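Heads up, the next two complexes both have chain A, just with different partners, chain B and then chain C.
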Partner chain A sequence: MADAVVLPTPKAELSPTRAIGATRWIAIFFFAIALAFAIVAKSLGDTFYLRLATEALIFGGLALSVDLLLGCTGLLPLGQALFFGLGAYASALTLKSWGDSFWIALAVGACVSALVGIVAGLIAIRSKGVYFALISFGLAQVVSKIVFNTRELGASDGIIGVPPAAVLPGVASTDPVAFFLVTLAFVALVYAGLAYVMETPFGRQLAAIRSNQHRLAFIGFDPKRAKLAVFVLAAAIAGASGALYPMMRGFVSPELMFFQVSGNAVINVIVGGTGTLIGPLYGAALLTALRSVIGSYTEHHQIVIGVLFMVVVIVAPKGLIGYAAALIQRRRTRTAA
Partner chain B sequence: MDWLHFVLAPQVINGLSIGVAVVLMALGLTIIFGLLDVINMAHGEFYAIGAYVAVALIAAGLPFWWALALTPPLMAVIGYATERGLIQRVFHSGDRHTLTLLLTFGLSIVVEDVLKLIFGANPLRIDAPIEGATEMLGLFFPNYRLFVMLFGAMVIAAVWILVFRTSLGAMVRAAAYDRHMTASLGVPVNVVYAATFAFGVALAGLAGVLLAPIYSVFPTMGTDFVLIAFSVVIIGGMGSIKGAVIAGLVLTQIQSISSLWISPVWSDPLLFGIMVVVLMWRPQGLFGRLGHG
Partner chain C sequence: MTADIALSVRDLTLRFGALTAVADVGFDAQRGAITAVIGPNGAGKSSLFNLISGAIAPSKGSVVLDGRDVTGHAPHRLLAAGLARSFQITNLFFDLPVHENLRLAAQFLERGRGALRPIASSRVATERVAELLDEFQLGARADALAGTLSHGEQRRLEIAVATAARPTVLLLDEPTQGMSHADTRDTGELIRSLSRDRGLTILLVEHDVDLVMSLSDHVVVMHQGHKLAEGTPAAVRADPKVQSAYFGTAHA
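Moving on to the complex of A and B:
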C-alpha cells in the first residue's frame, strides 16, 4: 500500500534497495559457487586459481566500496584506490613491526583509511557530480605520487617481505584455501552489512541523495552529513580490503594506489551492475578471470577490457546484474498483480 | 637583482612555454565541457595521439613543420569520429555526465594500450626543429621554447577570436546556452557539437606535437599532463575560456617558480592544494561558463 502514494519518477528506475532485494538469490548463488570452488580447488590441490580467486574477492571488496558511493549514493569516485592502498600499506607496516595478528592489521588498515577518509571527504563532498569525480581522482593521484617518492615507505619498490598473518591459532594467510575462505567471509560480511545499511533510514537518505540531494535538505536532513558518513564508510571498506592484499601477496607497492586500480574498480562495478552490491562482486570475479585468460595470450589485455567496458556503457549501462535485477523485479510485480 | 635576472627569469620563460601548451589542453577540455557537458577523460590520450602522429609523420620522412601542420586536422577527424560514433550514443540518456565520463575513460584505456601495441612502451624522441638559443639580456633561451611560446600564444588568440568574434563562435555559444532554442533557429546543433569536440581534440593534439621535442613521447604521457589541465579547468571554472587561459598561465608559473625552492615531487600536491582552496572559496571556479554571461 505504501507504494501507492509514492509519485512515479519520470524515469522508472530501480532504486538500490529494490535492486539489492531482487538480487538476493543471485547473491546467495555467488557465495555458494565460491564455496563449491574452494572445495573443488582443495581436493585438486590447486594454489594458482585459489590465489587468483582470493585476489578477485579482495578487489571485489574495493568494488563494493565504489558501488556504495556510485550505485547507492550517486557519487562517482575515481580515486578509491587511494584508500585501498593506504589500507594495504598500513596493514603491511603493522604486520612487519607489530606482529602477525590478522585482526590488528585489518583494524589498522580500516582505521587509517577511515581517518584519511574524513579529511579527504571534507574536501571531496563539498563538490558534486563531475567535480567530485575529478577531486577524488586528483586526491589519489597526489597521495600516490607522495608515496611513490617517500623513501621511508620504500618509494617505487614499496614494502617487501611482509610476514604472513595469523587469522586464528594454526590458520595462517599462507594457506591458500583458508585465506580464500577468510576473504570470502570478509566480503560476504561487507555485502550483507551494506545490504542491511541500505534498508536503514541512513540507507534511504543515501538513495535520496542519489535521486535529488536538494530535496533531502527540504525534508530536514543534512545531505552533507550523510555524504561524509558514506564517504568515510566506503574508505574504511576499501582500506580493510586493501589490508588483506599484503597478507596474500607478501608485498605492497605504490601501484596499488594508482589510477589503474581505481579505474578497474569502477569497471568491475559498471560491468557487474551499479547499485546492486552483488554486481560488483560478479564484475570483479569475471574481469579478474578475463584478465588472467587474455593475459596468457597477449600483454595488451587492456584493449579487450576497455572495449568490453565501452560496449557495456553504451549498450547495457545497468550492467549484467542490473539487468537481471530489473527482470526479476518485473516478474515479481507481475506475479503480485 | 642578479637573482631576479639569472634565476627567476629563465624559470618564468620555461613556465610560459609549458604554460601555453597547458592552456591549449585546458581550452579543449573546457570548450568540450562548456558546450557538450562532457568531461573528456580521454583528453590526455588525444594529446598523446597527437605526439605519436607527429612521430609517425616524421618517421615517414616529413619535416617537423609538416607534422605540425597536418596533426591538428588529422586529430580533428579522429575527434569528429569519436563524437559521432561514441559520445552521441550515450549523449541523450538521463545520466549524461557519468556515462560520457565513463565512456571516455574506457576510450582512454583502449587508446593507451593501442599506442603501446603500435609504438612500444619505450619513450621516443623528436629532434627540435629549431636549434640553438637566443641571447636576451645576457641570458640564453632555447629557440624552440621561444617558438612554442609565441606560436601557442597566437593559437590561443585565434581560439579567442573564433569563439567570441565570429558567427561560428556565436553558434557554439548559443548552443551552449540553450540547445533547443539554437536548434529551432536553424543551427545544425549536432554538427556544432561534433565539430566542437573535434576542435578540442585538435587542440590537445597540437599541444602534443608542440611539446614532443621538449619531453619524450610515451604511451602514458597524457595521464600526468591531463591532471594539470583538469586542475586548470576546475580552478578557472568548467566551461570558461577566460578561466582556462588565466588559470593555466598562473598555475604553470606557480609550478615553475616554486620549483626553485621545492622538489618537483611536491609541485603536484601544491597545485592540488591551490585547487582545494579555490574550490572552498568558489565551488564553481573563478569564471563563468561558456555562453552564460
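Moving on to the complex of A and C:
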C-alpha cells in the first residue's frame, strides 16, 4: 500500500543564518561576565589576570576575523596571523615614530592589513576549499619570513620598547583596567558589527557562499566580489586586533605572524563554535585561560589543548556555543510548535 | 533585429581539445514561447545550456539576448540582462531555510538598495518571497532547511529560485528530472503557467518527450553536438532524420 511518503520534520538545525540570533543572550552574558570580572579584578588590585584577559580578548578579535571567513563564509584561513602581525607591527611603528595616539595606531594597523588584504585576497579567493587554506597559509609564511629577515623591522627580535598609547587624555594603555575595558569595547563593537552585517544582503551573500557558492552567480551576485570584500574586512579586523597587542605588551615579534598564532585562532573558533561569532570569543577566553593554568604546571600545554580540541570536534562538532545554541533553538522550536 | 525574438543563438560551439561537445548550433527563441531542446544522452544539451547561461564560455559563436550580445558574460551579469536558469541537478542553498533560499534570489530585485541595509526592512524581497511561496506551494515548508525537502519540493524550489528575480528569459534544465508521473504533470502545468500568465520566454531541456511535445511551441533536436532539426513539435516528430536518431525506427 503506497501511503504518502511521510516527510521528515525539519530538525531545528543551526543554519548559518540562525546561529547568531540564537546566541544573542549567550553573547550578552559574555560581555556581562567580562565587565563583572573587571570590577572584581580592579577591587582586588589584580594586574596579572587583567592582562591575561586582555590578551584573550585581543586574540578573540583575531578569532572573530577567522570566524567571519570560516563560519560565516565557509573559507578556512590558515594564515590569518599575517594580518594580525601586520597590524601589530604597523601599530608599534606608529607609536614609536608618530606619537602615542591610540586611535591613529589602531587605524594604521587596520588600514595596513586591509591594504595587504586586498592584494592577498586577489590571490587567495581564486581558489576554494583546501587550496584557499593553503594559499592563505603560504602567504603568511612568506611575509613572516620576510619580516623575520628584515633588519629594519628588528629581524628575529621584533620591535621592543613600544611606548604606551594614550587611549584618552591621561589614560594610558598600560593601565590594566582601562586597557581591558578598551579592548572589551573594541571586541564588543566588532562582534555587534559583524552580527549586524550578517543580517544584511552582503552578509546573506556570505552565508550563500558558504552554503553553495556555485549557485550565487546564478541569482545575480558576483561571488568573487563578495569574497574579496569579506577577505579584506577580515584582514582589517585582524589588523585592528593586532594593533592592540603592542599597546599592552610594549613589543612585537615575528612570532605573531607564525602558524602557531593562525592555528590557535582556528582552534579558538572551532572549540567555541564556528559561525556563532560569540563562540570564538568564548573559545579564546577558555583556551587562553587553559594555556595559562596548564602552562603553570607543565610546558607541554599544547598536548592538553590538542586533546581538548579533538574531544570537542568529536563530541560537539559545532563547538561549545554551537552546541548550546542548537539546544536553545530546539527548545524554542518545541515551544513554538 | 526582430522584436519578437527574445534569445538568439548563433553558431555556438564548445570544444574540449579534440572533442566538440556543441557544434555550430543556432536557433531563435520567440518571446513568450516555450522552446525545448531535446536529444539523446550526450547530444550536448547540457553543454549548450551551460554556454547560454554563462557557466562556460563558448569556443565560438554568439548569444544575443533582447538584441544585445551577451556571449561569454558571467552568470550574474546575464541575470541583470534578464536571463536566469535552473539546474538539472538540484543546486540550492541546502543548509538554509526555504524562505532564505527565495529571499536570497529575490534580493536581486533590490540590488540598488545598498548591501549593508538590514534585510528585515527590505519590503520588496519580503513580498516577493511570500508570492513565490504561494505560487510554488512551498508555504508550509517555508522554515524547513532546503536540504530536508522531498525531491519534488526541491525541484519546485529550484524553479522558484530561478524565477525569483523576475527574469524575462528562463532556462530550465530538465525540470522534471527524477520526478514521479504526477509531479511531472504538475511541473508541466507550472511551466505552462509561467509562460502563459507571466509572459516568460522559456527554454527547456527535457528528457520526457511526451511532456516536451505537449508543452512546447518550438522544438530543437540535437544529436552528437549538432542541431539535427527544429520546428513545431508535430513537424519534428514527423521528421525522418529525427525519427531514426532519436525516436528509433519503431515510430516510422
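FYI, the second predicted complex is superposed on the first by the 324 of 337 C-alpha atoms of A that agree within 3 Å, B and C clash if a C-alpha of one lies under 4 Å from a C-alpha of the other, contacts with A are read in each partner's own complex, and residues count from 1 in each chain.
As a working rule, contacts are C-beta pairs under 8 Å (C-beta built on N, C-alpha and C of every residue); 3 or more make two chains touch, one makes a residue touch a chain.
Note that the coordinates shown come from a computational prediction; the quantities given were computed from them, not determined experimentally.
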Touched partner set for A:Ala207, first chain B, second chain C, both or neither: second
Partner chain in contact with A:Val252 - chain B first, chain C second, else both or neither: neither
Touched partner set for A:Glu199, first chain B, second chain C, both or neither: second
First, second, both or neither for A:Leu76, with chain B first and chain C second: first
Which superposed partner A:Ala105 touches (first chain B, second chain C, both, neither): neither
Which superposed partner A:Arg215 touches (first chain B, second chain C, both, neither): second
Intersection of the chain A residues that touch chain B with those that touch chain C: 11
List of chain A residues in touch with chain B within their complex: 11, 76, 78, 123, 126-127, 129-131, 133-135, 137-139, 141-142, 145-146, 149, 259, 263, 266-267, 270, 300, 302-303, 305-307, 309-310, 313-314, 317
Complex interface listing, chain B residues touching chain A: 39, 86, 89-90, 93-95, 97-99, 101-103, 105-107, 109-110, 112-114, 116-117, 223, 227, 230-231, 234, 238, 265, 268-269, 272, 275-276, 279-280, 283
Chain C residues within the chain A interface of the complex: 53-54, 74-76, 79-80, 84-85, 87, 91-97, 100, 103-105, 107-108, 110-111, 113-120, 122, 141, 143-145, 148-150, 161-162, 164-165
Touching residues on chain A, where the partner in the complex is chain C: 5, 7-8, 10-11, 13, 15-17, 196-197, 199-202, 204-205, 207-208, 211-212, 214-222
